[in-house]
Amino acid sequence: MLTYICKRILSLIPVLTVVSVVIFSIIHLTPGNPARAILGPEASAEAVAALAEEMGLNRPIVVQYFSWLGSVLTGDLGYSPFLNRPVTEAIAGNLVPTLQLSTLALLVAVAIAVPLGTLAARYRGSIVDSLTQGVTLFGLAVPSFVLGLLLMLTFAVNLRVLPVAGYTNPFTDPLEGLRYLILPAISLGGVLAAFLTRTTRAAVMDVLMADYIDAARSRGVVEGRLLFRHTLRNAGLPILTVIGLTFGSLVTGSLVTETIFNIPGLGTLLVNSIERRDYPVIQGVVLLATLLYLLVNLVVDLLYAVVDPRIRYSEEK
Amino acid sequence: MHEEPPQVHDSGRPPAREGTAIMAPGAAESLPARRSIWSRARHNSPFMFGAVLFLIVALIATLVPFILQLDPYAVDTSRRLSGIGEEGYLLGSDDFGRDLLARLLVGAQTSLIVGASVAVLRGVLGTVIGICASYFRVLDHILMRVCDGLMAIPAILLAIALAAALGPSVPNLILALTVVFTPNVARLVRSRALAVLSETFVEASRVQGAPPLHIILRHVLPNTLSVLTVQVTFIFADSIITEAALSFLGAGVPTPEPSWGNILNDGRGVILQFPLMTVAASLSLVVTVLALNLLGDGLRDLVDPRSSGDDTRRGMVSRLFGRAPRTARRPRPAATEESTEP
Amino acid sequence: MTERIRIDDLHISIERRDDVVRAVDGVSLSLAGNEILALVGESGSGKTLTARSALKLLPRGATTRGAVLVEGQDVLSVPGDTLRKIRGGHAAMVFQEPSTALNPVYTIGWQLEEGLRAHGVASRAERHARGLQALKDVGIPEPERRYHDYPHQFSGGQKQRIVIAMALSLKPGVIIADEPTTALDVTVQAEILDLLRKCRDELGTAIILITHNMGVVADLADRVAVMYQGKVVETADVHSLFAQPQHPYTRRLLASVPRFGQAVRPQRTPAAGEPPVLRAEKLEITYPGRFRKPPFRAVRGVDFEVRKGEIFGLVGESGSGKSTIGRAIAGLTATSGGVLEFLGTDLRRASRAEVQRLRRKLGFVFQDPASSFNPFMSIADCIAEPMRIHRTPAAKREIDARVRELLDAVQLPSSFASRTPMELSGGQRQRVGVARALALKPEFVIADEPTSALDVSVQATILRLLGDLHEELGFAALFITHDLAVVEEFADRVGVLKQGEFMEIAPAETLLKEARDSYTRALINAVPIPDPVAQRAKRKRAV
C-alpha cells in the first residue's frame, strides 16, 4: 500500500513539470514585450523597460523559468502591480468562496446523480429511466453559466425568492450565506449531475449484469442488499474516478459561475485580471486550480486502492 | 424479423442457424438480411433528429442574415432595449440599440465556425499524435506526459490563460481551444489504437508479414476513425460551449463582434430590464448543443459495425433520449450459453 | 424417490426490439434426489434458460408460461419472499466462470456468510463456523487462514470449489451446475466432477448439469435430456442414450463427438530423410519481468521437429506454453534462446527480408473467429489480405479469382465475399479463417485451438474440413489444442507440454494408448470418455 502511494506520487513529477512549463510560458506567448502588454500602449518606453527589468525579462528564458520555478516552490507566486500586493495573498483572500461553492455544487451533484442513476439502472427501460435519460440529455446541453443565468432570471428576477447576486460567508451567517450560494451551487452542480447520472447509470448497469450479482441472487440475497452492498461498492469505483476527473471542470465552472453571481472568489479575481492583463495573478490561479485537481485525483486513486483489494494486493506481492 | 441487424449470432439468438450447420457444410447456412447504412440511419431517431435540428440551425445562421440584410453592428441609441417586433426589430434590440436577431444569427456563425474549426483541427492533430504514440514506444512516453500535463490544467482555465496571452481574436481563440483539447483526443485515439493493435486480426496481419503502414492504414485507422467521428461531434458541441464561456468572461471573441457568449455577457448587465437577450442567446446555445449531442449519440450506434440497437421494444420518448451505453447491450444468458473453452 | 424438481410445459420467450424469440418451447422435465440430470445441446438451444428458470434467474424481457416446481413450490409464481427462501435454501447454482461469479471486492468468507445471513442464520459465530465447514467440505486447504482472502487470490479450480461451497452451504436439495468445468483444465475438471458426484452420493443432492461436453455427461450423469431449438427432443437413461440414441439430432450430436481410441484416419508416412519443415532446438521463450517481478520462463528449452506433410499436435493445460510456441514460430512472441529453424533457416538469426520471405510459407488459424477479422473489411478483403501484403499475385483479377477459389475450398458460397465478418456465424467465420491461412499456399500451417470456441457439431465439420484440405494440399501443420480426443483424431505425432517442457513426444496412436510418462497418463486419465460404460469402468479401475 505504501509503495503504491509512493509510486503514485512519483508519477506526478513529469505531469507537474509539463504543467509548470505551460503556465510559465503563458506570459511569454504574448506578441511583443510582455511588459508592454501589461502596461498598455500608452505607457512610456522607460516604464516598460523598468518593468521588464523588475520582472527579469531580460535574462535568458531558461534562467527565468528556473528562477520562477524556484519562487513558486517556496510559495511565492509573484507580485501583482495592479493589486499592489503579492499574488499569494490575493488568491488566499478569494479562495474561500470558490471552495465553498465547488464543495456545495459537488454535494448537489452527487446527491442528485447517484440515487437517480442507480434508480435508472435498476429500473432500466422504465419510465423513470427514460425521463432520467431525457433530462440528462438536456442537462448535458446546458452550460453551467447559461443555467445560472436562467435560474437567476426565474428565481431572483421573476419570483424574487432568492437574491439576484452577491455573497455572504456561510460560516458567519449560515442561512443568509446559503441563500446566496444556493442558486450558484445548483447551476454548477446541476450540470455536473447530468453527467454523473449517466456515468452512475452505466456503471451500475454494468455491475448489475455481472455474474456475481446473479450468484448472490441465487443464494437468496435480498434485492436491496444486492443493490447497496454488491453493486454500489463495485460501481463506486468508476463513479469515483469520474468525480475526480470532472473536478477540473467543477473548479473552472465555479469560476464562471462566480462572475455571474458576483461572488468575490477566484473567478472574479481571474476575470478582472484578464481585463488588466495581470499575468502573475492569471498564472497563480491556473497553477492553484491545477494543483487542486491533481490532489483530488491523487486522493481518488488512493481511495480506489482502499475499495478494490485487487490493487491493494497486487502491489504487495 | 427482417429488421434484425446482422450480429445476431454473437448473442446466440437464433438457435436454428448454428444447429443446421451440423449436417450441411457452411454453404447451406443462411444469412440474415442486410441493412444499408441509410436504412439504419433512418431508424436511428436521435441521429435523424439531431442531424435535422443541426442542419436547420446551420441553414438559418448562414442564410437569414444574408436574405434579410441584417447588420449586427449598427448602433442606434434612440432605439435601445426594444421588445419583440418593436421599432422594426424582429427580436428587439440590445442595450446599444443593435438588432438582437442579427447579432444572434451572426453570433451563430461565429460559434459554428469556431466549433467546426476546433473540431476538425483537434480531430486531425489528435489522430496523428495518438497513432504515432501508439506505434512508437519512445514517442509515446514523451507525448503522453505532455498530454497528461496539459490535461491536468482545467480546460477552460488554460483556454482563458492562452487566449488572454495571445490576445482576443477568433483565430487565437481557435488556436487556444485546439491546444487545450487536443490531448484528450490524442489520448482517446491512442488508447483505441492500442486496443486495435492487440486485436487478433492485427496479429493475423502481422503473421503474414504486414508492414506497419499497412496495419495503420488498413486496420488501425478504420477502427479508430469510427470512434473519432463520434468524438468530433461531441468536441464540436464542447467547443461551442467553451467559446461561449470564454466570450462571456471577456477572453473570447472580442467585442463588438457578436457571439453568443458576448450577447449573454451584455444581457447579464440588463437582465432585470431586458431578460429577452439572456433567454434568446441561451436557447440558441442549448438547441445547437443538444442537436450535436443527439447527432453524436446516434452516430455512435451507426458507426459501430457490432452495434445491434436496442434489445427491447421502446417508445418514442425513450428511443429519442434513452440510449443505453454500449456495454449494457448484451443480453446475459445468451453469453453464458456460448461454449467457450479457454 | 420424491421429486425434487418438476418442470411442466415451460415456455420462455424473450422480447427483443422487433420480435419475440421463443427460447424455451414446451419443456417438461423432472428430477429426483440422488440423481444427476444432464442437459445437453448447442449454444442457443435453451438449456441454460431452462435450468436457470429453477431459480427464476431470467434475463430482462423474458416472459414465462408453465410451471417450475422446486420441492413442490412453483418458482415462477410464488411471492418474492418465498422465492428468496427457495433460492439458496432449496436450490442453488454453480456458474460457468468462477472468477466472475465471486464479487471481487469482498472476501470469500464474507460472501459465504452472506447466503447464511440471508436465510436467517443470525449468530455471527455460527455463520463463521458453517462457512469454514463449507470450505473444508469442498477441500480448500487451510480454510482458517484463507477465510479472509479475496477471490483473486485463489486459482480457477479453487474458485469453483468456493462457488460450490456457497451453493452447498445451506444444504439445498437441488443444484444447478451451468457448465461448471468449461473454464477449467481437464485435471481440475476431473476434481470438480468428483466433488459434484460426492454431493449426490453423500448429501443426496439432485443436480441439473448443463454441459456441451459429452465426456462429462458420460462421467457424471444418470439421465440425459437433449435439447434442440428450445425443445427437449429426447430424455433417456445415460447408458441407453449413448447406446441407442433415438432422435436424429442426438445421433448426429454423438457422431460428431471425437472419441479416444476410435480415430480412423489414413496413416501418413512422412517421407524419411527429407529435412523437417520446422525444427526447434533448446528453444527458450521468456517473458521479461516488470517492476521487480521475476521474468517468466514460458518455454524451457524444447526440442521438436515437424516433418513435411505431417500434423504435429501440441497439447497441454493452460499455462503450459503451447500457444506461446505457436506464436513464437509466427513471430508474434520474441524467443530468448535456442534454435528455431523454419524451412532450413534459423528464424532467430535470419535477416528481416528473409523472415518476410518465409512468412509467405506460413499460415495461421486463430482460436477465436469472432475477433480475428477486422469488422471493417469484407470477407473478400480479409482473405485477400495476405496476397495484398506480399503482392502475390499482383493483379487484382487474379486475387479475386483466388479468393473465389479459396471460398470454394472452404465450402462457402462466393456470395459471402461481399459480406462483413460480423454477419457470419462462428463456424462460417472459422472457415474464412482457414481460407485466409491458406491464401498464399503455405507449406506450414499453425492452428491454435481452432475449434475450441465452437459448438461440438461445428467443431467436427471444421476439423473435417481441415483434414480434407490437409489431405489435398499436403502442408505440414502444428495443431495446438487442450483437447486430447481432438488431437488423437487429427494429429500424426503429439507432444505433451507441461510448464514449458515436453513430457513426451510420440506418435498419436501409441502415445494415447500406452503413454510412458506419468503426467501424460494423468492427463489422459482425466479426460472423461464420451461413453458411460467405458468411462465408469475407467473410474472404477482408478479407485
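In this document, chain identifiers A, B and C correspond to the written order of the chains, with residue numbering beginning at 1 in each.
Everything below uses one rule, namely that contacts are C-beta pairs under 8 Å (C-beta built on N, C-alpha and C of every residue); 3 or more make two chains touch, one makes a residue touch a chain.
Since the model is a prediction, treat every value here as computed from it, not as a measurement.
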Among the chains here, which has the CA centroid at the largest distance from chain A's centroid? C
Of A-B and A-C, whichever chain pair has more C-beta contact pairs: A-B
Indicate the whole-number Å distance between the mean C-alpha point of chain B and the mean C-alpha point of chain C. 42
Chain A and chain B have mean C-alpha positions lying a whole-number Å distance apart equal to 23
Rounded to the nearest Å, the gap between Cα centres of chain A and chain C is 49
For chain A, write out the residues touching at least two other chains, lowest number first. 124-125, 211, 214
I need the residues of chain B touching at least two other chains; which ones are they? 312, 314, 332, 336
Where chain C touches two or more other chains at once, by residue number: 60, 95
Interfacial residue positions of chain C with respect to chain B in the complex: 14-19, 21, 23, 42-49, 52, 58-61, 95-96, 178-179, 182-183, 212, 228-230, 249, 252-253, 256, 318, 330-332, 355-356, 359-360, 362, 364, 366, 368, 370-377, 382, 385-386, 389-390, 410-413, 416, 419-420, 422-428, 431, 436, 440, 449, 452-458, 461, 465, 482-483
Touching chain C in the complex, chain A uses residues 124-125, 210-212, 214-222, 225, 229-230, 233-234, 307-310, 313
Mind listing the chain C positions that touch chain A in their complex? 55, 57, 60, 84-89, 92-93, 95, 97, 100-106, 111, 114-115, 118-119, 150, 152-153, 163, 166-167, 170
Going by the contact rule at the top, pick out the chain B residues touching chain C in the complex. 1, 3-4, 6-7, 9-10, 12-19, 21-23, 25-27, 29, 31-32, 34, 199-201, 203-211, 214, 218-219, 222-223, 226, 305-306, 309-314, 331-334, 336-342
Contact set on chain A toward chain B in their complex: 14-19, 21-23, 26-27, 29-31, 124-125, 129-130, 133-134, 137-138, 140-143, 145-146, 149-150, 152-153, 157, 164, 198, 201-202, 205-206, 209, 211, 214, 248-249, 251-253, 255-256, 259-260, 270-271, 274-275, 277, 279, 282-283, 285-286, 289-290, 293-294
